[in-house]
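Multiple structures follow.
The following pair of complexes shares a single chain, chain A, combined with chain B in the former and chain C in the latter.
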Partner chain A sequence: MVNYAIKRLLYVLPTLLIVMLMVFLLSKAHRNDPAEAKCRLEGITPGHVNENREYAKHYTDLGLNKAAFYVSIAPDFYHPHINNIVDRTLRQQMIAFEDQKIQYRYIEHYLAQRDALIRKQLADTTLQNNHAAISKTQFITNIFTLSDHVKSLPASTEWVEMVSTLKKGQTTYYLPRLQWHGTANQFHQWAKKAIIFEFGTSIEDGQSIAMKVKSALKWTLLLSFISLLLTAIISILSGSYSGFYAGSWWDKISHIFWMVLYSIPSFWLASMLIMYCTSDIYGLHIFASPGNWMIDDKKSFLGQVLASSSQLILPILCLVVNDIAFFSRLTRNNVRSQKAELFTTMAMARGIKDRDILWRYVMPNSLIALVTFLIGMIPACFSGALIIEIVFNIPGMGQLMFDSIQHADWQVVFAIVLIIAVVTIITMAIGDVLYMWLNPKITNYDETPH
Partner chain B sequence: MTILTRLTFFLVSLTLVICGCKTDPKSTANELHIRIKKDPERINPLISPNPTSREIYQYIHLSLADYDPNTYELMPILIKSIPTEIAIDSGKYKGGICFDIEIREEAKWDDGSPITAEDYLFTVKAINHPATNTGKYRELTENIKDVIIDPSNKRKFRVIFGQDYLLALETAINIEVYQKSFYDTRKSTDKYALADIIDTLKTQGDTVLAAFVADFNGNDYSRTKIQGAGPYKFVSWQTDQTIVLEKKENYWGANIKIPVLQQGPQKMIFHVVPDEVTAFAQLQNGSVDMMTEVSPDKFASLQKDTKLSDRFSFYNPVLTKYYMININNGDPKLSDKRVRKALNHLLNIDDIVKNLENGQATRLVGPIHPIKKTYNDALKLITYDVDAAKALLAEAGWSDSNKNGIVDKKIDGKVTEMVLDIYISGQELGKRVALMMKENAAKVGITINVVEKDFKAIKAENLKTRQYHLVPSVVSQDMQPWDDLSGRWHSSSDTPSGSNENSYRNPVVDQLIDKVLISKNETERIAIYREIQKLIYDDYPAIFLYAPQERIVINKKWNATSTAKRPGYLANTFTSAGAAVGQSK
Partner chain C sequence: MKPHISSLPVIPYRIAAILLSLYVAIGLLSPWLASKEPIVCFGNQNCINALIPYDASTLHTDRKNIPTFTDSRHILGTDILGRDVAAGLISGTRKSLWIGLATAILSGFFGCWLGISAAYFGDQKYRVNRVGFCIAILIFLIGMFYISFEWLIFGQSQLKWGIGSLALIAGCYWLSRNIGRKRQWTVNVDLLVSKMIEVRKSIPSLFLLLAILPVFTTRSIVNVIIVLSLFLWSYFAQYARAETMRIRSENYIRRAEMLGLGNWTIMWKHIFPNIIPTLMVVFCFSVAACILAESSISFLGIGLAIDDITWGTMLSEGRKTLVWWMVVWPGLAIFVLVWSLNTIASYLQEKYRN
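Presenting the complex of A and B:
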């Protein structure tokens, strides 16, 4: 069993590495640009006079001018160091032309020539009637549209020649180019700190990411674990009785009751509870307003929890209703199937009380499925419930993650995902070990060659 | 089983006893609870000049002068009077202009030290250092070539600009001033002249200055160490929860009759509540006293609800922003102004204002806000007229030649059908306007496809690349009377990095925009602005919709007024109306 546990835990490392890579690659695929987000936070909107200069500053400061990863594989006509192009427009236009299989040297040459010619022609007042058409070339990145467009421009021979040179750069055959970028890459810079849980500061507000995550995590964990505990207790009690006395009035009523609750969307329930139970307008001001947090930092966490406890009950209620419905049905079905087993009939025949049969014989055998469910819920406890957090204004992990994605604050997103990944992987490993303990056959299946 | 049952009942009962019986704490008479939609990220006007941040820092930090929300003119705050422009005829800065400024004697920082010209100079240096995150202001303050302090009076100084330009006065005096001894404890900026601090070569290798920049950009000066000359002091900030400000004792400006210097509630508590339903519940039960940006439907329902309306005051200040639909003037289908005019006729904007804004908006004719003195009110609002649109399209050569219900025309030898895309970001207003446009356009044979995308994607993939037909957008403006129109309407800004996203080009408008930047005479300036609007109006480069009004609800326990300055109210001017209204019974 020890060997199995060690082996299982060793899988954690490669899995973590894969998760880190996946998160990193996904962030690169997302169109939110952290440098642009920083400009926006500074009050620099698109088109602002200082936009290009400030963008370049943030782009470099954030290390976005470095290669993304240790290695890259790309067609050999692609720019070998595309991230080095600090000017966003040029970089995007380079990519747009590259996508049409044009070699990067031809594109570089065209872009430089184009801008020089546009400057020259726009300065020429005799060409004023053509200025709109001349300017338009700055926006065209489709080679065919460009070919058509330049024919109508003044000095069209020069333009046509430029575009035909660009066309010559189009390639049909190419080889993949494998490049080694060394450790001066974005992933390495992030990963070497992330593995020691040093996440740096948030670009959104300059706060330490560790502090932000810690602050959000405490509320998320508090809510989630209370919800999980209540879910487990209530649904095991309700489900086990329903399963054991399947077809009884309790089974029928509880089935309808939980199904009704399960059908209610939690965000709607949350809004209804807030409207009707936190205001005296409808005469039911029995709970405190949600999210009216006035938490004294000097208090201990327990003190903070007690001070804000009145606001926790409604979100917990919304979090548990769906889970209880599901979990109680799961328990019911397991208990029911165990009750049909021969050992239960034998126990009944021996005259053992129903209560003892249920808790001594039936429940232990139903536990494996329930443990699977509960283990699966633990990582979710760390990720928070976005909608409930937003509606009840709880500054938890769900909200933090959502805001960070909105602001392209990838360092915060990485940190959260990494924490959730670590928790998930470790929980799954513990879960596996736990199954083995509950049912030693699992080990045998795993270790015995078929 | 018995134990488990008992445990469950015990847990449930305990939770209910601890939590359920507690309702909201009553807000005290002198605490103003304000709902804000999101956490401001930073409270630092130079580094984070966003609207949410401004809602809070306006009570902590003061500028030398600011716009009077009633007259829209600059009024002195930290200074004695608004300086007049002086032309420089000789010397190093010949051809430039300058302003002589004097700070009030009574103006003091929290430690009792006077606000001096040194503080102003430090502020400009901090902004101009290329590594500080103050890019928004740097664009303007880089025009300040020197600040010369009067050796005989430390509150007097001269601000010199290398050349004259439209916003020189605003640049010189509409900046929040920072206390040098508080923000630059190492005195790292002292050894550099203003001109040198911009030059990275001259400051290279200065670790003390680099440490100052890191601190200035850092977390502390935006979240914990926050201090200014305003009537309120920063007390605490719970991220995503609350921000507390408290009235300063023995405040130097308490007796000066300027709104921003007034002191009202003892405490202002800003509650971050993103969800409107939640905020509404808090407003109703009295745990929040006021909320802004109320949705039109909620605002109307609250006004109509007799149970509630007597507990709240309702305000609709006109804010300096407007909505428009960008038209890509460079697109071959839309390059004819008759087509653009036809599109203008296809929206019933009066109906939109009535139905979507409950009438709380003002229509406009062009890119200047109707509350400004430069607005051209002689121009007539464009009316909804499907027949006129049809006629204009026919005049422009668009007809349904293939009888498929869509008008078409030969452009560059190819038959082109009038099928347009309108890109919307999912905002309810944009969606509804787009659908109305689609419905009306179908009546004249124009097919409009509504494409929903993330606004950042629309910006990057469509507006910046000019690959679009129509995009609804919002334009936010400052209160300054002289709008800089060069960004959005000058041909030189029709570049991939420029903000002339309509690809609007008119050489006469270009000349007038250039002229207004250097015009000295106010009457002449106003005339130029009106002429620019007239020319833009005649070209129909966009569909100008309306300037919306803000919707603010305030508990009647406060005597409050609204202002045209964002966010639409000045909480420091609120006074208690006596007995609390609308608290839990």
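Presenting the complex of A and C:
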């Protein structure tokens, strides 16, 4: 048992590592530049005097000048340390030229020569009419357009020679180059900070991401906890009776009723409730309208919850509806299969009352599996809370995530995905251990319900 | 398997089946039910128009925000831009059914394949040739490198890349089966697949869905189908694995093995047909879940493009403008479709219960 618990908890680590890798990969798949976003937060827009200096500062501070991962595989004509180029334009142009299969040394040479020549020619007042064409050269990264363009420039022999040298760098054949970057890479740095929950600052308001997520996580956990608790109580009560008296009219009616509840889209129910029950438009102003969350920072969390409890009724109702239907169906099937066992028949033969058979003989056996299923429902509960939080404007993880996506605040989004995954992985591991602890009958520890 | 006589009423299932076929009919006939273009024309003036002579995105600038049942031209009303609600519902039916079915089929294929092989091969049965496997992995890596750089980065052709990588995988598989049969490794397929399922299940899907969808620069139905399939396969894999485990030790499978039939033949001709009842249940539930997921992300404004009118986008517009006919009708459409799918699934479950 203890061995199993330790083994199961250790299994969490590789899963966590894979999840972290996936989140990091996702953050690289988004084409956003955190350094640029930071500049924007400071109010430094493109074209500002300090733009390049500030950008370079943030770029190195965020560790973006390091390789992305421990190893990299790239064609051998690629720049070996492309992220070392701090200047954004130069880096992008390098990549653009590389994608036309030009060797990086030739590109480096060309870029340096080009900038020197442009500076020289722009300083020359006699070429004033050509200044626009000369400056345009800096932005051309297609080699064919470039060779056409330079013919029209002053001192065109010099330009044409430069471009023809660049063209000589084009290769057809190449080999893969495997590089080892050691621990000085972005993933290592990010993972090291992520383990101690340090994700940097949000670009939306400059607050620490960890703080933002922490205050949001409380609400999501609260909603999930209350809805799971209600689900458990109501559905065990109703499901056990319909399972024990399977085929009775109560079972038939409740099956149809739960099927209807199970199919109601929670966001539709939420929208309907908000529209009909919280405003005067349709006449039924029963509940407090969502949206005005006066959260008093001085109060404790419990105080905040109590102060806004009237606004929590509808969200919890919407969260619970689908889960109750699902879970009572599960309870019903579980109880019914337990009732078919011999020990129930034995108890009946002994003349024990139905109620006692249900609560003393059948339920304890069913509860073991049900608790595990309840814990397995936690990820779905978080997902459900996401959309409900957005509709009812509750300051939880879902709301934070939605806002961050709207503001392209991707660092917050990845932090949320990671934290939600960590919470889920840990609760599921605890659930498995709990299942083993509750159920000493099971010896094959690899066959857990999920 | 002997069909079990259901202890539950049959009438809801019949209603559900009728409703579902109605939805499918609307989805199939939607170009003729709501369209700006006339269906057939005889000469210049004699045209037979569609039942609702507008597209879902036709703007009626003179008829904005008409409530339901007040205008004979727009029976279900129009939205704030003057788009017909009924036409929107019909075009939404087609999209929802398309997304639900395509995602369930795509993820069902991969999920079944993984789940059946996990249970069939178990932890002992699958063996790879040591030399062949190493050579195949090496060739696969090098081949992937060249294919990706030549066609994806230098060539910008995703189709070529897709076909090329599939061909490469097939070639590497052939190599690994046919080189060096003397020394072999045993692969624990079951553990591999179980861990894959566990990793997938450890992330709440809606959160990851919201994080992944903005990666795509274009918003289209195909992207939504691909991303939803990334989440859905695990259910098929889980149930296919459990069901295969159950029939794995039956006599007819043992006999097929003794006859020396190939692994693939046993898996697809002897195991797969026998687990279809369970898979049908999972399939129906999955289609319903997909339709719900798609309308949720459209409701949040993240899935499809804004001018792509679906039930979810109509609902979100109705919620913002607080008009009841934009909230009630699309929601009812989702609810009834999901209810019929779930009811049919639960009927099948009851019927084939062991």
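Operating definition for what follows: the second predicted complex is superposed on the first by the 289 of 450 C-alpha atoms of A that agree within 3 Å, B and C clash if a C-alpha of one lies under 4 Å from a C-alpha of the other, contacts with A are read in each partner's own complex, and residues count from 1 in each chain.
The rule is simple: a residue touches a chain if its C-beta (ideal position, glycine included) is under 8 Å from a C-beta of that chain, and two chains touch if they have at least 3 such contacts.
In this text the structure is predicted, and so the values were computed from the model without any measurement.
By the touch criterion stated above, A:I425 is placed in contact with chain C alone, chain B being left untouched. After overlaying the two complexes on the shared chain, residue contacts for A:K136 are found with chain B alone; chain C is out of touch. In the overlay built on the shared chain, the residue A:M20 is in contact with neither chain B nor chain C. After overlaying the two complexes on the shared chain, residue contacts for A:M275 are found with chain B and with chain C alike.
Contacts of A:E42 after superposition on the shared chain: chain B is touched, whereas chain C is not. Once the two complexes are overlaid on the shared chain, A:S310 sits against chain B while remaining clear of chain C. Of the two partner chains placed around the shared chain by superposition, chain C is the only one that A:K252 touches, whereas chain B remains out of contact. Between chain B and chain C, more residues of chain A are touched by B. Of the two partner chains, chain C is the only one that A:P75 touches; chain B does not reach it. Of the two partner chains, chain C is the only one that A:Y262 touches; chain B does not reach it. Judged by the document's definition of touching, chain A residues 271, 274-275, 279, 281, 390-391 lie at the interface with chain B and also at the interface with chain C. Considering their complex, residues 1, 4-5, 7-8, 11, 15-16, 18-25, 39, 41-42, 47-50, 130-131, 133-136, 138-139, 217-219, 222-223, 236, 238-242, 269, 271-275, 277-278, 280-282, 284-285, 287-288, 307-308, 330, 412, 454, 456-457, 459-460, 463-467, 487-488, 491, 493-501, 503, 505, 507, 584-585 of chain B touch chain A. Residue ranges of chain A in contact with chain C, taken from their complex: 14-15, 18-19, 26, 29-30, 73, 75, 99-101, 176, 246-247, 251-252, 255-256, 259-260, 262-265, 267-268, 271-272, 274-276, 279, 281-282, 329, 379-380, 382-383, 386-387, 390-391, 397-398, 401-402, 405, 413-414, 416-417, 420-421, 424-425, 428, 450. On the chain A side of its complex with chain B, the touching residues are 31-32, 38-39, 41-44, 46-54, 57, 88-89, 92-93, 128, 131-132, 135-136, 138-139, 141, 148, 201, 204-208, 212, 215, 229-230, 233-234, 237, 271, 274-275, 278-281, 285-295, 297, 306, 309-313, 316, 355, 358-359, 390-393, 395, 399.
Residues of chain C touching chain A in their complex: 7-9, 12, 142, 145, 149, 153-154, 195, 198-199, 201-208, 210-212, 214-215, 288, 292, 295-296, 299-300, 302, 315, 318-319, 322, 324, 327-328, 330-331, 334-335, 338-339, 342-343, 346.
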